[in-house]
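Chain nomenclature is as follows: A, B and C, assigned in order of appearance, with residue numbering initiated at 1 for each chain independently.
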Amino acid sequence: MKLCNGFSLSINHNFITQPPLAIPFLIIIHELLLNFTNFVIKFTIMIITKIYIPQDYLPVIIQTIIVFGFVGTTILITHLLGPNRNTKEKLENFECGIESFGNARSPFSVKYFLIAILFVLFDVQVIFFYPWALNLKELGNQGFFEMLFFLGVLIVGFIYIVLKDAFKWNQ
Amino acid sequence: MNALFLIVIPFIASGLILLFRKSIIVKCISIAASLIQLLLTLYVLIQTNFSQGNILSFFIEWIPSLGINFSLNVDGISMFMLVLTNFLSLLILVSGINREPKRIGMFYSMIFFTQAAMNGVFLSSNAILFYIFWELSLIPVYFMVLFWGGERRQAITLKFFIYTLLGSLFMLFAFIFLYWQTSGIHSFEITDFYKIKISPAVQNRLFWCLFIAFAIKIPLFPFHSWQPDTYTTAPTQVTMILSGIMLKMGIYGIIRWLLPIVPQGVEHWSNTVIILSITGALYASVIALKQNNIKTLLAWSSMAHVGIIGAGIFARNLYSLQGVMLQMLFHGINIIGLFLVADTIENRTGTRKISELGGIRNISPFFSSTFLIIILGSIALPLTNGFIGEFLILTGLFKYYSWYSIFAGLIVITGAVYMLYIYQKVMLGQTNELSDSFIKVPWAENIVLIPVIILIFLFGIYPIPLLNLTEISVKGLLQMM
Amino acid sequence: MNSLIILSITGITLLFAGLGKSKWVLFTIGIAGLITAGILTLADWGKNEALFNKMIIIDDYSTAFNFSIIFTTLMIFLISSNYIRNANKYLAEIYALMIFALIGGCIMTSFGNMVTLFMGIETLSIPLYVLAGSRKTSIASNEASFKYFILGSFATAFFLLGVALIYGASGTFNTNEISSYILLHQTQIPKIFYTGIIILIIGLCFKIAAIPFHFWSPDVYEGAPTLVTTFMATVVKTAGFAAIFRLLQNAFSNLSVYWQTILWIITLLTLLISALAALNQTGMKRLMAYSGISNSGFILLAVLAMNSMSPGAILFYTFTYALGTIIVFGMIMLHQEYTGSDSILSFEGFGRANPVSGIIFTLALLSLTGIPVTGGFFAKYYIFLTAIHSNFIWIVVIGVITTVISIYYYFKIINALWKENRCQKKIPLIIPFRTAFLICSILIILTGIFPDYLIRLL
């Protein structure tokens, strides 16, 4: 992999040969970034617009303690309570005796990711329905038709996906 | 009669020539166009009476929102420069009459383009217009050297271009700065520039911004390092343009755009510049003494002469400025003659090395006599044109500060040394193998060399009309400072 | 506004048309859509309207820039025609994504609200992340896409943080309201507001690749397919500068003393470092990337000056720069297709083998350098005029020096073009290419001779 001056990234070759594998990875990073920025925005807005006294944070602290406590205790308890007798045979892959071969990280169907992504996409779009549904009466006719238009756009996208054969698993 | 014609005709010629491929047609058209251009210039010269202000002017709004107008103006100084440009262009075109560069149409077209741009430089009275023509004259020269030049032309052209553009960009910067200093509606007109009042401290800085551009073009001492290489590697006709005319753009620039605009800056720095010029001229003469390549030697000698002219401008009195004006023309005539001789020698014998030549006089006495006369003109012998110009400049320098004229005089003496040295080595002595191949000069070279000789004597004996032509404008200039 | 709708429809139509076989249909649809959008944009001239609760403001500024980027995209479509000849598999997607990115650009020039600006930036960027990686089998293209994506998201996050901080202080996203907030609370503006401005500027500087936020630019330019690089170098840059200027002028012009210091430093670094870095480049695309950064520096000068002449200067500069860049990248694309290399050495003798292309190429390079009588000269000149008007003398001197340095690398290419070299072959130009080159070179000369019409617009 060519390293360019000033900045270099080394990328696993798998990433190159099976590009779609990278996509969920990218999505996760993107989501994380968005979440992070959302958090920062909310937090700063909260701090700036109101003045909080320390007691206001008590629920948050309790929640944090409970979350971490729950995770910690469950892990600890399963380790303590569960039987733990490792033998050589048990650590082998299969008791029937076939030696393992190849790389476990072999690529598998791209279609799965494609559908996952499409799901995420449409799922996110559908979120718009919730606020719309709550305010449907106030929005009146105009709101109704606007949502129809929005649905129309979504359907155009859906038709495109179908025509593009994105849902055909065996091709 | 409109001043615009002087720019338009070469442009048209430049486009027209591109249509033809045959060498003979191209040459005929170019010489005809050049003759028309020269006659037109002379007609303008005769028609205009410079004591009654500017008659020939042209004004049209070009980019009003930026204060740029297409305004042309002729006064004594620019008229003089126009005559110089168009006359020398004709000589340069004729001198190439038995040379056959590749793609000759393109070559001549570019020469005309340069000529048009140079006419524009001398005519324009709007700063940005001046800058644009200044740059435009550079582009064809760049490509001519790049396409038809000699060894190492790639690197040399790049150096040449970067050098000159460095200067002109600083000039542009200074013009823009001045633009915002003009009162009322901002404008780039030179008349408005003359009215600006700037504090001396700013003038001192602006002086260098403007001066660098002109000094690089001339070239004066610390800014000269592009010159010998470029002169050597460029095709001879381009070298003639560069040394004969384009160099004068720098001097004209100083006279027109530097002296009256930042007078206090000039006052402050003139001593420095004179010292630089004279040092540079001495330095160039010393280097010229050691050269073996005729063209390089002539390049350095040109720099030495120009150094004196540079010193003459900054002495700023009537004598020196008159001398500068005359010397510009005379230097142009002489250097074209010299480069033509050098080119002829190279063309016939295949070498430019002084050490490899000798005894050409035995084969072609007429040629060597013409060479001698041009050399005498160039080293300022009395009764030749060089004497008039250099004498006036030295007088002016003497009036400014006597020691300067002594050092400047030294340059004239060293000039004689290396010039006569070439003559001795190349023309006199035993004829060797290389020189033996020097066949008799056909009429083509003589047709240029003979007018050059006539002019050397004519102006050496009777320079009064030229002096009269420039006197009023030079006096006006001195009043402005 | 109508042009945006037309563009969206064009984009969607392109996607569907891609299901068919014929590639020229795509080309025709794209061109037709762009021309219609361009005409509709021109029809908006002189209007001054605010849409969607002042989220989008259509005025002369946005109309001019929109037309400029739509026109540029049209030219890029024309030079994309060799993709059709090579039967690129994803042509419909490439075209559609380009149109969608263009929509983002149009939103960026006409925002009235920082949220709209953010939306524009994202609409512009996300298609570009994909486009950069559109040559799926090329490692370089994948690397470019990945790098662009990571750094682009990073910049976006920065931008958002800036927006949040400013919102926190002023309580509004609307640029004009922010401006009046500054006027009202001159003495008691909280510190986070200033921090917000810095972070906002940093986030935008990522997008326009100003030094020291430029690291992605050379690698991405080099790795991405040349067509996409052209798009990035022209449309993205124009839209980015239109946005940054509009934001700074509408929202923060009252605090100019404060941010001008920061921008001054960024401009200085951009001008100097890019010029020096470009000197040693051997690849054309990398060189053009650095030249692009250097040109960003010049445009930043106009942003920095922030006076009545700045919008005109930015428009003129970005437009002429785009014209030159399209020609240069078009030539690189053609050359790459035939020789497979984009190094400057491989261009030796290009001009002698193809005189017409050589002359056009030279003209474009002269314009990029800023030699009269090309549009590039007046662009640079106008920028200097603007900057000196606001008394930024020393940085203009630096600009002059970098122009001189830039001569070296541009003329190195010109020298290479006209070197004697027998190995070069003649490269035929297909008609769309000819049209694009012809239009661009004529416009370069026209803007060089009659710049007034363009300058007077804004």
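Here, a residue touches a chain if its C-beta (ideal position, glycine included) is under 8 Å from a C-beta of that chain, and two chains touch if they have at least 3 such contacts.
Predicted model only: the values in this text are computed from it and were never measured.
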item	value
Chain contact topology (line, ring, star, complete or other)	line
Taking each chain's C-alpha mean as its centre, the one farthest from chain B	A
CA centroid of chain A to CA centroid of chain B, Å	75
Length of the line joining the C-alpha centres of chain A and chain C, rounded to whole Å	34
Length of the line joining the C-alpha centres of chain B and chain C, rounded to whole Å	43
Multi-chain contact residues (two or more partners), chain B	none
Touching two or more other chains - residue numbers and ranges from chain C	none
Residue numbers on chain B that touch chain C, as the complex places them	62-66, 128, 131-132, 135-136, 139, 143, 146-147, 154, 157-158, 161-162, 165-166, 169-170, 172-173, 176-177, 179-180
Chain C - residues contacting chain B, complex	366, 371-373, 377-378, 381-382, 384-385, 388-389, 393, 396-397, 400, 403-404, 407-408, 411-412, 414-415, 418-419, 451-452, 455-456
Touch list for chain A against partner chain C, complex	1-2, 4, 6-7, 9, 11, 15-16, 19, 22, 26, 29-30, 33, 36-37, 40-41, 44-45, 47-49, 156, 160, 163-164
Of chain C, residues touching chain A in the complex	12, 15-16, 19, 133, 136, 139-140, 142-143, 146-147, 149-150, 153-154, 156-157, 160-161, 163-165, 167-169, 171, 190, 192, 215-216, 218-219, 222
